[in-house]
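See the structures that follow.
Both complexes below contain subunit A, partnered by subunit B and then by subunit C.
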Partner chain A sequence: MLAFNLAYKNLLGAGLRTWLNVSVLSLAFVLIVFYNAMIDGWNRQSRDDTQDWEIAQGQYWHPDYEKYDVYSLNDAHQQLSEQTQQIVDKGVLVPELIQQATIYPQGRMQSVLLRGIPKEQEVLKLPTDCLLSPNKPNVAIIGKRMAKAAKLQKGDAVLLRWRDKNGTFDARQFTIAAVFNCDVAEADQGQFYVDYQLMQEMMGFTNEATLLVSKLEQNPTIDHWTFQSADRLLKELDDLINSERISGMIIQMILLMIALLAIFDTQVLSIFRRKKEIGTYIALGLTRQQVVGIFTIEGAMHSLLAALLGAIYGIPFFIWVNSIGINFGSADMGITIAEKVYPYYSLRLVVLSVIVVLVSSTIVSYIPARKIAYLKPTDALKGK
Partner chain B sequence: MVCFCTLTYAQAASEIMQKIDKNMSSDNRIVESSMTIHGRRNSRTITSISYTVGTEKSFTEYLSPAREKGTKMLKLDDKLWTYYPANDRIVQISGHMLRQSVMGSDLSYEDIMDDRKLSDVYDAETESEEVIDGRAIKVLKLSAKVDDAAYETRRLWVDTEYYLPIKEELYAKSGQLLKRTTLSDFKKIDGRWFPMKLNFKDVLKQGQGTDWEIISIEFNGEIPEYIFTKGALKK
Partner chain C sequence: MDDKVIQLQSLTKRFPVGNGYFTALTDINLELQKGEFAGLVGPSGSGKTTLLNIIGSLDVPSEGTATVLGNSIAQLSQKQAAHLRNHHIGFIFQTYNLLPVYTVYENVEFALLLQNMSANDRRKSVMQALEWVGLTDKEKSKPSMLSGGECQRVAIARSMVKKPQIVLADEPTANLDSKNSHHILQTMQTLNEELGVTFVFSTHDEKVMQYLKRKISLADGRVVKDETVMADSV
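Let's turn to the complex of A and B:
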């Protein structure tokens, strides 16, 4: 307790020097918390969005279906069994039929993935109810990215060309019934949604699907379908976000190193200038290790003051950012990221950041303080 | 009587189609040609030499421009490989890549792959008779008789002297016109008439289409068998 009292008084006595160190360290602390909160916020929003718009609680894939292998699409479809159809009828599974097609907006040729999805489904947020159009037989919905790339908007007509199950070309004019605003690039870019029944008729299939989107977390085994859990489907997103986290850590480390260097410098200077004080402590009966402890605590207390200072200006800043979000513009980067990302501050993140800053500042305070152990009390009292 | 007339009309159309096949198809042929692709800003011409045996085997080597020189394509039945000299790699073209355009032209890989005889795939009927540029033309409507025809219907404007179409239109199942080919400059080679100039146009796309001009053509010439192997692509 004596060490804490002494360290506290010494720190305050150092005045501006202490506050400069504490300011730099608090900035590092606030930025570390903020950056990681942004990454966590992005992660949470992207996972939620991907589940809401694309994968729900998981998907059952046709055994030949590979999401990133368009070669697999032609043959990756099969008829729903009676048992599967019963689950679909309960609204637990949503069948999707995926094939390749081409659209010709304003005379330009553009490859698309044609997705047949039941218009009455409620598992995904896609506005499939817009596919119910009694007046127009051929309607489609597309995402904002797709609309931008194809220069299409709601109400526009576009010619769609595809090949049926026998490979025969067919083509029809489709009207864009809705352009949805979705942050999941994979559910948007290059995707052209039509009604599931209409697509069966277009392709010449009878109740065939490429995949089944599941609403429930507990998923039973369905014969001839391979279940892909939400975590597995989100792995690539997690990997991408983690790689961002790692690259961000490098910048955080540099910032922290600058702050720690300032503490280290201060400690070296303190020990050089306060030799008489060190000698007095030893003369008063404190062991060398106790004196080392006083100086180490003094250095480490920079981090506690930094946490306090950081909290004073950081908390209002965090609250303000959380109320407005960080705007990423139209977010047309091909990755799942919301237009506005809201940082997510977890207790774990704050505690972990405090520990990292506290431990690292304690270490850099201890390293120069070790020198005290080798000082002769008589020399120290003379200031040598 | 009406039925008899219709039958005779259909037979006549079928005969015309067979005569077109006789002109256009051969056991083998060696063709040197140039393909001019008209872009928005400029046009570019690619020359190539092709060796074809029946409808199963085909080998094409691009001769110019320098950027495309040495690129080769091999078709064996329903498989297609392309060799790119720049990276010394053979790539199999399959799946969605078959739907992509060949060198930016209005022809897709699928179009050049599907070269079955018309009479093997379609039933024909004569729709009308016209006179175009002073020549007697019969308009044939071809309807697919097999399930796997790429185009459900075609319409051919056939010159009844040469038994070659001067124009061909390809339709989707819905009746939507998809592609148009214009054939001209008919020449008699080895006892058959053959178009020396063709223009392929994807009517859904903007642009002037792709011109294909035959520089030289030889029917039933000698083509070494080794040319239709993947090994020949790298030679």
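Let's turn to the complex of A and C:
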């Protein structure tokens, strides 16, 4: 307690020097928390959006289905068994039939993934109810990115060409029933959604599907279907976001290093200038190790003051940012990111950040303070 | 009962200088009794401060023995030496060495904090020590707000607050004018007489010498004269 009290008084006694160090360190602290909160916020939003729009609680894949191999689509479809159909009928599994196709917007040719999805499904956020159109039998929905790329909008007609189960080309005019706004690029770019029943009829694949999207928390084993958990399907997204986190850490570390360098410099100067004080402590009955402790605590307390100062201006800043979000514009980056990202501050993040700053500032405070242990008290009293 | 608080036998102190050694003290043999008001006198470089540092367990002899309150200084661990200084030895320095960020009260209290004394007892002891030196009205002042004489009185209070058996004062009047010098010397003399604390000075100030009851003269690291002065000479 004595060491804390003395360190606190010495810090405040040092005036501007202390506050400069504390300010730089608090800035590093706030930025570390903010950056990581942004990454966490992005991660949470992206995961939630991807689950809402694309994968739900997981997917059952046809054994031959390869997400990034369009050629696998030709063979990656099979009939739903009676048992599977029963689960589908409960509304907890959504069958999707996926095939390659081509659209011809304004005479241009564009490859798309033709996805048949039940218009009555409620597992994914896709506005499939728009596929229910008694007046126009051939309607489709597309995402805003797809609409932009194909220069299509709601109500436009576009020619779709595909091969049926016999490899025969067929084509129909489709009307865009809705253009949905979704942050998940995977559910939008190059995707052309039509009704599941209609697609079965177009392809000649009766009661067949490529994959089944599940909303079940506990997913049973279904024969001839390979279950892909949500965590597994989100792994690429997690990896991408973590790589962003790591690249951000480099900048955070540089900022933290600058702040720590200032503390280190202050400690070196402090020990050099306060030798007489060190000698006095020893003369008054402190051991040299206790004096090392006082100086280390003094340096480390920069981080506690920085945390307090950071909280004073950081908390209102965090609350404000959280209320407005950070705008990422059109978010046409090919990755799942919301137009507005809201930082997510967890207790774990704040505690971890405090620990990182506290431990690192304690280490840089201790390194120069170690010298005191080798200082002769008689020399220290002379200020040598 | 043995009243010897300091015993120095054949004490020699050498410091390494370049490839050789500089001998600061040679064959010092001294004994100081409880309650003495003694001074190590001599010119600069005669070894006064070195001897005071060894008595204060801030340094160790190169040869011979220094026994303070029954403790052989050379045998003490860092922790034991710190305990001896904290509980039994008070220091007064030429430049006061007050902690600038602490108030007068806190500077005096510092030594007691290390002794884990209760807050109530600390308060009583600190106020008593400040009363001895006549600074009760300055308890909340910082050292920077005090005169040199007042700073030295705070240093005396700090050294006395733990009621040590020995007070070592290294040139305590060197930075003070005549009036303040006499004031603090009278204070120390009173404390010596009333509390029976042993005072050992290092000085070459004539004003201090007037108050000493025993003068140990040093020259070139040797005791050249050890005389007892009549108490009524001041």
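Just so we're on the same page, the second predicted complex is superposed on the first by the 384 of 384 C-alpha atoms of A that agree within 3 Å, B and C clash if a C-alpha of one lies under 4 Å from a C-alpha of the other, contacts with A are read in each partner's own complex, and residues count from 1 in each chain.
Just so it is clear, contacts are C-beta pairs under 8 Å (C-beta built on N, C-alpha and C of every residue); 3 or more make two chains touch, one makes a residue touch a chain.
Small disclaimer: the values here were computed from a predicted structure and weren't measured.
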Partners on subunit A (subunit B, subunit C) - clash or fit: fit
First (subunit B), second (subunit C), both or neither touched by A:168: first
First (subunit B), second (subunit C), both or neither touched by A:280: second
Partner chain(s) touched by A:159 [first = subunit B, second = subunit C, both, neither]: first
Which superposed partner A:9 touches (first subunit B, second subunit C, both, neither): second
First, second, both or neither for A:181, with subunit B first and subunit C second: neither
Where the C-alpha centre of subunit A sits as vertex, the angle toward subunit B and subunit C in the overlay (nearest 10 degrees): 150
First, second, both or neither for A:100, with subunit B first and subunit C second: first
Which of subunit B and subunit C A:381 touches, first, second, both or neither: second
Which of subunit B and subunit C A:242 touches, first, second, both or neither: neither
Subunit C versus subunit B - closest C-alpha approach in the superposed model, Å: 73
Intersection of subunit A interface sets (partners subunit B, subunit C): none
Contacting residues of subunit B [partner subunit A, same complex]: 94-96, 99, 101, 144, 147-152, 170, 172-174, 176, 178, 202, 204-207
Subunit B contact footprint on subunit A (complex, rising order): 70-71, 73-74, 100, 102, 104, 106-109, 111, 159, 161, 163-164, 166-172
Residue ranges of subunit C touching subunit A (in the complex, touch as defined): 50, 53, 56, 58-59, 78-79, 82-83, 85-87, 91, 93, 95, 97, 99-102, 106, 110-111, 113-114, 158
Subunit C partner contacts - residues on subunit A that touch it in the complex: 2, 6, 9-10, 12-13, 276-277, 279-280, 282-290, 376-378, 381
